[in-house]
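Here's a structure for you.
Order of writing sets the chain letters: A, B and C. Residues in each chain are counted from 1.
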Amino acid sequence: MELIVQVCVSGLLLGGIYALISIGLNLIFGVVRIINFAHGEMVMVAMYLTFWLNYFFGMDPYVSTLIVLPVMFLFGVIIQRIIVQPIQNSSANMKIFATVALSLILQNVALIVCKGNFRTVQVSYGMGTMEWGGIFISIPRLVAFFAALLSISLLYYFLKNTYTGKALRAIVEDHTIARLMGVKVQKLYLLAFGIGCAFSALGGVLLMPFSSVYPTVGIPFTLIAFIVVVLGGLGSMGGTFLAGLFIGVVEAVGGTYVSPALKEAIYFGIFIIAILIRPQGIFGKGKGSEEVGLK
Amino acid sequence: MRNNKLKTAAAIFLLGLLAVPLYFTSTFVLHMFTLVFFYIALTAAWNIPAFGGKFSLGHAAFFGLGGYTAAILYVKLGISPFIGVVAGTFVAMLGGVILSFPLVRLKGPFFTLASIAFAEVLRMVAVDWRSLTNGSVGINIPFKPSWLNLTFTSGAPFYYMALGLALLVIGLAWWIRSSSLGYHLRAAAADEDAARALGINTAKAHFMGLMWSSGLTGMIAVFYVFYNYVLEPGTAFSMDLFSLQPAMNGIIGGMGTVWGPVIGAIIMTPLGEFLRFYLGTIQQGLNFVVYGLMLIAVVNFVPGGIVSLIEPWFKKKKSGDSSAADN
Amino acid sequence: MDDLLVVKDLTKNFGGLAAVSEVSFEVRRGEILGLIGPNGAGKTTLFNLISGLLASDRGSIKLEGEDLTKKPPYKRSAMGVGRTFQVVRPFDMTVLENVMVPTFAHYKTSKEAKEKAFEILKMVRMDKLADKMPANLTLAQRKRIEVARALATKPKLLLLDEVLAGLNPTEVAENLPLIRQVRDSGVTILFIEHLMDAMMAISERVLVMDQGVLIACGTPDEVTSDRCVITAYLGEEAPGC
């Protein structure tokens, strides 16, 4: 009994990071309508940046957000401008090819530059735990969870209450609106890609104190983010958040009670079952689900 | 007249290919040809669902299922690989049945994701299920040369088998594309709703396409595994070797056409080997950076793949033929 | 009365918008039935419901007494419902291949399918363009591909969605007899058209839709003198409509 609560809490906290990464994807997909197969690689790049800042300058991972986030925002903007924008009107398959290519390039440049080793950041609080009612809670995971909650709330506020945020939401709701916006829409695309990228980057930074980075670390994140977005519903922040936590818990429970090697198999199974029985997403209303084919 | 000339040229070319093992005793040359044939077959099989616009990045799943089935039957139960080929094909098709759920329910990109996840899951299962697969250690095919064991002392038999497989799959792909299934898939790729309104059960067409594709991939895998003597989860279910590589060949050659995969495999296989073994020793991963750049170039400049550059030229020749025939 | 198609209380809402509401009518075997109404009246949506591309919220559709309401589009097509699209949707293949696609439902080998498709192209006078790609053709020609493809399914009921719209007067004059010819070959026709003259010239009965509702039904003369129809087209409010 104790163990199951312990496992669920730890999964829930990890789920906060998944939610963060997935919300980045949701925003990019909702606004730019591109399936970013290189999404997990954004996490990977951010993790390496965090690692280097620590390695060369001894910078604390949490402090390094001040550098990593703006850099990754810019990185997203550049990708949108030079990779995605030229093929905006190509077929869906062409867009997949382009982002698959990007993911290949990023993975293998990472391999060339950093070699295949697992890299970790040593921080004093990396293994730190606190006890609360007999349950041990990892401190970096707890920090990650609350940082995720805070940044998602900030994004939510931005989308709800600012002019630009409203414009972004309008595009997510009805993409024909994008055509009416003319020149400005390209700027919004750049912004959405930048923000989406920064969110996944934040996920990467928050992971660094308690996990390691290697060139292919991003692949599962791409899959997880898509599963979360499909479960949570496109354009639905709340749904994505809940679905992220859900996958975190499923992973932790599956990894503990079934087999650590099969945890990904388990949420893939959930993904398949979910699209068969509830194609509109488990939590969200699934705006734009028609484009996914989940009619 | 011209058409006949083309046929003669093709026949001479084939005869030349048949003679290669007689003149080249270098294992390297033979290996390279064999590999190209295997990849032509794998890419052409991968390409069948692409007639219907469906793009898989998880064909390693079918490869692994086919290869593991035959290898386990042979090594653990002593069952001949010739029965293993049938079993492997069948098991790969069962994998196809599972992947057909997302195939018919999800639009392109999400099917692609599901296919990646599917292959990854099978890889993890192969690592985890040690009693059956020996886990990440893998299975070695014992070296007992005999036709029945699909094990040979020279490279020539596999050269011919791989050539045969390549021709078989090209032939099947051509046949499928010009049969009702091919037309239905192409219609579904162009406009799913319009196809449905015209009486086409598009879900069934996609399903049939995947059945052909998965079965053929599983079958090719059995031969490939016996050619290599060894399989382990990291290679049999390898994203790089059997999911990305066929897809890359197909896209760069021309996805959804009969000859695109052939052209793609002929260009990309030697290039891949070169990058992997020559530059690869200096710098691992360089080959995929090159692939990535090529892919971006294709997407931006030749969306139809290399075949779309060659086709107009070829068509002109052909229509030239028919007008010549009229005269 | 021999009714081929019977539609009853058919309803479709898009969010709050009632695109088709409680529409009931029947199509008699062998007739040319016109369907008119201002833009956005719900005519195309009605076709989508009958052909099965959209699921209806309520109501029933019966073809020769058999209920199609829950059947997928390809089954409806096999049972005899053919349609064209208002916005032409040719497949990215030659004209002949476009027509071959549905032909395979009746002929298994591609040789037979090719011959049959060519016959149909002859009938719509497109045989000379068989090897062309649709993208290189005029709108009138592409609309003919739509008709040819629909005919290749061997429909009992053919739904034509604005096959004359966007054509110049000569092209209209050329395409109009085609519709009669198709009917005379034994196909019942329900067709949407904006061109009043063409509509009146060719249809035996006319349905009128406005804002998702069927507001009139009768011979062309009856309908044109109907007060509600006139207001629907002129956009004025008339009491009792």
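We take it that a contact is a pair of C-beta atoms (placed from the backbone, for glycine too) under 8 Å apart; a residue touches a chain by one contact, two chains touch by 3 or more.
What you see is a predicted model, and the numbers here were worked out from it, not measured in a lab.
In the absence of subunit B, chains linked through touching fall into A | C. Relative to the whole-protein C-alpha centroid, the nearest chain centroid is that of B.
The greatest centre-to-centre gap from subunit A, using C-alpha centroids, is found for C. For the interfaces B-C and A-B, the C-beta contact count is higher for A-B.
Averaging C-alpha coordinates per chain places the centre of subunit A 47 Å away from that of subunit C. If you average the Cα atoms of subunit B and of subunit C, the two centres end up 43 Å apart. For this pair, subunit A with subunit B, the centres built from the Cα atoms lie 33 Å apart.
Counting partner chains per residue, subunit C shows two or more touched chains at no residue at all.
Subunit B meets subunit C in the complex at residues 178-180, 183-184, 186-187, 190-191, 193-202.
The residues of subunit C lying in touch with subunit B in their complex are 51-53, 72-74, 77-78, 82-83, 85, 89, 91-93, 97, 100-102, 104-105, 108, 110, 113, 149-150, 152-153.
Those residues of subunit A whose C-beta lies close enough to touch subunit B in the complex are 35, 37, 83, 86-87, 90-98, 100-102, 104-105, 107-109, 111-112, 116, 215, 219-220, 222-223, 226-227, 230, 259, 261-262, 264-265, 268-269, 271-272, 275-276, 279, 291-294. Those residues of subunit B whose C-beta lies close enough to touch subunit A in the complex are 53, 55, 57, 101-102, 105-114, 116-118, 120-121, 124-125, 127-128, 239, 244, 251, 255, 283-289, 291-293, 295-296, 298-300, 303.
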